[in-house]
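Two complexes, one shared chain (chain A), two partners (chain B, chain C).
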Partner chain A sequence: MGAAYETIHFKAEACDGCNDCMSACAQAKTQTDEHLHSRIQIVPSGEGFELAICRQCGDPQCVLTCPAAALSKNAGSGVVDWDRTKCVNCLLCTVGCAYGGIAYDSVSSRVIKCDMCDGAPACVKACTTGALKHVTTARIYNEAGNLEDLFAPGLSGCQGCNTELIMRHALRRIGPDVVVATPPGCIPGMGSVGYNGLTGTKVPVFHPLLTNTASMLAGVRRQYKRSGRDVLAVALAGDGGTADVGFQSLSGAAERGEEMLYICVDNEGYMNTGMQRSGCTPYGAWTSTTPVGERAHGKTQDAKNLPLLMVMHNCAYVATASTAFMEDLYDKLDRAIQAAKTGFAYLHIYSPCTTGWRFASDQNIEVARKAVETNFVLLWEFNPEDGLQFTHPVENARPIDEYLEVLGKYRHLDRDQVAHIERSLAHNLARIRGFVAARGAASAAAGRS
Partner chain B sequence: MSAILKPKSKLIVCDGNEAAAWAVSLADVDMVAVYPITPQSSLVEYLAKFIADGRLGAEIVDVEGEHSVLSVLQGACLAGARTYTASCGPGLAFMFEPYLRTPGLRLPLVMTIVTRDTLTPQSVWGGHQDAMSVREVGWVQMYCESVQEVLDTTIMAYRIAEHRDVMLPVNICHDGNYLSFGAARCELPDQGEVRDFLGAKDVNWHVALDPQRPMAVDPLTGGAGGPGPSTFVRYRKGQCSGMQNSLEVISEVHEDWGRRFGRYHAPLIESYRMEGADYAMITIGSMTGAAKDAVDEARARGEKVGLLKVKTYRPFPAQALADALAQVKAAGVVDRSVSFGWNCGPLFQDVIAAMYYAPRRIPAMSFIGGLAGADLTISHFERVIGRIKELARDGHAAETVWLNEKD
Partner chain C sequence: MPHAHYLIVGASHAALSALHAIRLHDAEGEVTLLTRDDSLPYSPTVLPYVVSGRSDPGRVFLRDESYFAQHKVNYLRGAKVHKVNAGASAVELADGSSIGFDKLLLATGAAPVLPPVPGLAGLRFHVLRTLADALALREALPRVKRAVVLGGGLIGMHAAENLAKGGVQVSVVEMQAHVLAGYFDAQASGMIEKVFTANGVRLLLGASVAGFTPRGEGCRATLEDGAEIDADLLLVATGVAPVTDFLCGSGIETERGVLVDEHMRTNIANIWAAGDVAQARGFFTRERVINGILPDAVDQGRIAGMAMAEDPGTKDYAGGVPLNTYSFFGQHAVSVGVHESALEQSGVEVKKHSDEAQNRYLKIVLKDRRLAGIFGVNAAFDPGIMWELILRAIDLGEEKLAFLRSPQDTARALMSKNWR
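Presenting the complex of A and B:
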């Protein structure tokens, strides 16, 4: 473990062909303005532009084709390194690369390729239009790849379970000095606390009641604080136990500022007990208690906006997250863990349920991504100091149909129901934007005073 | 009760709620979680004040309801805390879900029930219906007669609950209104001596949420065909054993308390003037004072009546009760609550079940009084004594007698 796979992402529609990136690269590598020396090449294509640059591939063809072992994938940085002392100038690599990422430089008579400028690419810095972006999706892998998975393999979740993904990622990041509460639901259902005396969890873990997760954890944390030990209190709870029957204890703990990280894994219903409706089930959704028949067509109310309710408790930290946006999720985990040392931190993670929402088990991340890209799910975070802000704003949302049509639980929707969902999403977006705007106004006012 | 004050003890006048708060202070409790309810409220106010004044070093958690009261304390106990709370009536009903779970987790929580009648009819007054309604859940239950007994029993409860052969939660029940607000002379023992009496806190040696000794607390058990049901049975039997073990532990602890502090309270059943008694009246809680006066007056008239006070109600000291009743010709039980479905008092049911162990059948009758704060006076007990005397003579038990029906 530990290899990085970072790359430079090109947003073609944002590129205006200014070539500043090529100038910056030529300057950085050869101290000239000669674009021919640039490792990045912006190439006109039709009415727009294409990018020719080394992608630092995970499975680089240039490395395979090099007969002299002059090219290698750096296990630490993930960059494809070129060793000038070994290179025999055969140029086979330039043939092997499909991206124009390694090319012959007539001035130096050697091949040249991008070396990522030690992690701070000059081209990206020079780009003013946002067309170039240094993408470090592997940061998580680098930082968390070597962390111990605190759940043993073999949790009995459904195939393709997104919640298992959340559990494993969250606990890796949180580490072993923790007490974990997993109230009844999918999480203990797949064995977090175990069966008949055996458990697959390597940290202290327990079943609270469905109703008292936040208050039991409050007692644990307070006693450790009293005895001078810093033990993080963490809940991994479903949306039913959080939004419905457990809401009183949650609200009380939040109001008292109990120090804990409460992670709500929202799969929009009681999926473990057979897919019944919860307060977080969205309008129109089929569940086993909001079935579809001649007279009924799924849930007739909108979902409770639980994370916003937690904002109203003025928690130390509140955020929404999605497994389709892992960097965002990890950033929020970090901030939530920090906040949980002095106050109540609440993380609401959307968790598409292949079994209960009726979609193929290999489409979890796709569904999660579509939810965000259609603004069905909004990614934001809040703390009392900075207010509420989007972390992944989606300005041009894709049509909601793209999300609804992949889920069996919405298969029955008629036009009026879809229209209702569209209105609800618009209201929700406007409401959250209102909070973001209020934040801007508040900081402007603070600036004036 | 000793008339001579122990050298380091202090004498105060207080009500039962304040006495319980003093006991909690002396027992060096770590965590108190509270939610106010009549007639318990002044008890938690005293605790809050003691903590605010620095007299009690515990942390107080003012939670949003009784359900969270027990939940916070369960969490704290699993992390090593000695804990306390108090509740009653609707509050006890609301905390029932975690209450039900506490004995199975074998957590030595200590909780006072300032007894109150249950809704409905609406009532905020004393009665045992709340405590009696949870009698089969697995908490040890001890009922007090006096303010002093409230204080002494509350401290003793920690040693009983935390005894390694017991490891069960304990309720100390004291009567709403009569003990909660009735002021009396009360001796406060010395804190150091109480500390010696209780010994070191050792609440989570068997089950803990602690990263230094990670374990999964309360995994699923059961399910036909696997090892589940037998695991479940072992837990259940263990819980029953803890309950039965507590009978001896309660007796030992009361005996040791008497030796150290000079006050000997009957641990399970108190026999009052049972020498040569032809018939017996059985009481529970604060009503016993007036009942003893009635027995004294009857004895002065030459009646051969005695009294048995049940202090430890769960586990039920069945053998001790059967032995104490072995020689009588009839018995009457006065309950401050009702067993729906049997048309009698719950203590009466337990007594007649225990009398199965007696060598012969003893006629018995159920009396119900003192509901919703009604006073049980000497004259009520005179009626009871008169009726039991008839029963001893003719053996014809009547239906349950409701003592305050026509007051």
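Presenting the complex of A and C:
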């Protein structure tokens, strides 16, 4: 697998032109406050600001344009390295770069460029507005890419579905000492339990009923434990099997603190069997059992907040996650795996359904991102000791229309229905914020005693 | 007869850029790279720094053996191509052997042009195009007290600076009224000349040599006006020209260079040419021109390589834009695009700013609100962004005044908005 690299991301709309990044860079590189020396350059543009910095290009033109072999792409870090002992100051690299990423510095009489500060960019640390972000997602891919994929090739999910990504990444991370339960739904439907007597995984997998996933897994884990083997019990289940028919066994296992990792892949309905509504289908959504016509206008009830129900079981770990925020997902996966060794861990991952929600197959991650940026989906985690906390708080949420309008299942919504959804989201946000605040109050009380 | 799917003749920027592009698309196809040199690939541009001692000749190589091994490239040194047989798809080497090809790239570069000055042929003199030339010149330096540099172009001026820094008394003889006349106008060149004169370099401008006579190890140059200059060393740097004589009778069309289309293909379907040897369309002219500069060689090489590998991403060559960077005595000069004199005058705007005290100069040439040229001495702007603004013909629109006032920041903002 080729390497992926870290990068500095610039969000122009968040930049207020304070230039703290340039001061920090000048300090880090030349111990002065002179912005001329900064390798990152913020430039005014109309009302806002734009950026000139080395892109650390994948196919860097400056390297090809250097006659002295002074520039090279570092295969390890991805940084375009500059060797001052080879550089002859010919400045041809400044012609090769179309981004202003390597420029002549009149004081040192040499070219200067960003070197990513050995993986801890000073500019990003100095940015208080969130305009600059050090994107380190590459670490995940470099790490997970070297782990064994424990699913067989050729799973047949719908085009553009993120479930395969969730399954493969989760199992790479979990590793081979595992027994996987995949109750009826999209996950076995795409071939993970296998065909013709062969499994779709390289690890033991079984196909429980929709109703008994958690109880069967609890038994499997107990039996292994009794025989002295540390085998992780993992469920990969849909929201229907989890929130509705499977809830009784799930609730029981969680209440007893059975040791397992239960991953719910939430596509807001029974999508595998023809897109019927589930307890997780949101208000207003079209499904084949909440149709849209002269009288009916989609689902008339709100979704149940399944992850919050699991919090109320006081599980060892509960979290929500989105494939648009993979670093967050991976952090939670790690903590969930750890928690599942001694208690019940529950991970709720949102899975936009290209087929059932009716959107273009190349838009899955964008839909997932919009769900988070509009606060339709809240990313948080819980454990009994620290309580509930946001992991990706969205302060200035985008208008909900930006999410609803990209999904065919909401195309029919009238103004009242949108207003209902907005109210529900506000309630949901207030409720979760209440839990976060309660946690603060509890720890303050603990501090006083 | 050995055979290669891709045969590349030459090993400098155009050749290496083509090789890089081929390997991005075709990881396996057989590639053979021929160089007449006995070394790893290097750039002619680095040679003045080898002469001055700034560059260690052992550390100037653009690729190493492991690169060729990793990319499955057969790198042949000391292989000078003598003849191309287009009909038989084969090249003949100087040693009489032949190599067949499916696709051929000519990236053979240019060679110094010697002026027809009486007495030159019988002299010991230096040129600077190959690593061997540079090492010979460097080796000669310690014994030199007085030198004559014939030609005030980039190579001549680089060499003159390095000789002067080494304590040599240098005279530059240039036929034109100013040095670096190809890139800078009289005022900018004048500023560069001032720096050279202040550093003890004698510039004889608008002057030409009537004849040379040998004098011990060196020579005596007699100018047209009768003046005489004695020197221990003569460097001839009166320009370079594509080498095309080995293509005579091959059927490959040449003019001053090898004529190519917008994919760097010659008139022969399986033969391409790129870099200093190629004559391709200019950006500002309809005719095909020689644009012998390093960044253009990289560009042309990439297009040729992509076309040869049949990469569906191949784009047409946008046309050569004259550009160069030049640093001298701790100062620097940059030229991108064309001067107003090269343009049809309607819609042309020129803004010039100079500060003699700071030795600073900036000229911006716009044509129909689009950048056509920008030239600076000790002026801050990003040449790569300016080049891209020209190639994309970006209408500066409402940013025009801001651009004229503050070209660097405005161009960076335009870049960030247009091709971030």
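Rule of thumb we're sticking to: the second predicted complex is superposed on the first by the 376 of 449 C-alpha atoms of A that agree within 3 Å, B and C clash if a C-alpha of one lies under 4 Å from a C-alpha of the other, contacts with A are read in each partner's own complex, and residues count from 1 in each chain.
Note that in this section a contact is a pair of C-beta atoms (placed from the backbone, for glycine too) under 8 Å apart; a residue touches a chain by one contact, two chains touch by 3 or more.
Worth saying up front: this structure is predicted, and the values here are computed from it rather than measured.
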Contacts of A:Lys202 with chain B and chain C, given as first, second, both or neither: first
First, second, both or neither for A:Val231, with chain B first and chain C second: first
Touching partner for A:Asp59 - first (chain B), second (chain C), both, neither: second
First (chain B), second (chain C), both or neither touched by A:Ser288: neither
Which superposed partner A:Gln417 touches (first chain B, second chain C, both, neither): neither
Partner chain(s) touched by A:Cys90 [first = chain B, second = chain C, both, neither]: second
Contact breadth on chain A, by residue count: chain C or chain B: B
First (chain B), second (chain C), both or neither touched by A:Asn212: first
First, second, both or neither for A:Tyr99, with chain B first and chain C second: second
Residues of chain B touching chain A in the complex: 30-31, 33, 59, 61-65, 67-68, 71-81, 97-98, 101, 208-211, 214-221, 223, 226-228, 231
Residues on chain A engaged by chain C in the complex (per definition of touch): 12, 41, 43-45, 50-52, 59, 61, 64-65, 67-69, 85-86, 88-92, 94-100, 103-104, 106, 109
Complex interface listing, chain C residues touching chain A: 13, 16-17, 20, 24, 43-46, 49, 54-55, 59-62, 294-295, 298, 302, 323, 325-327, 330, 332, 334, 336, 378, 380, 382-385, 387-388, 408-413, 415-417, 419-420
Chain A - residues contacting chain B, complex: 176-179, 188, 192-199, 201-209, 211-212, 215-224, 226-227, 231, 248-249, 251-253, 255-256
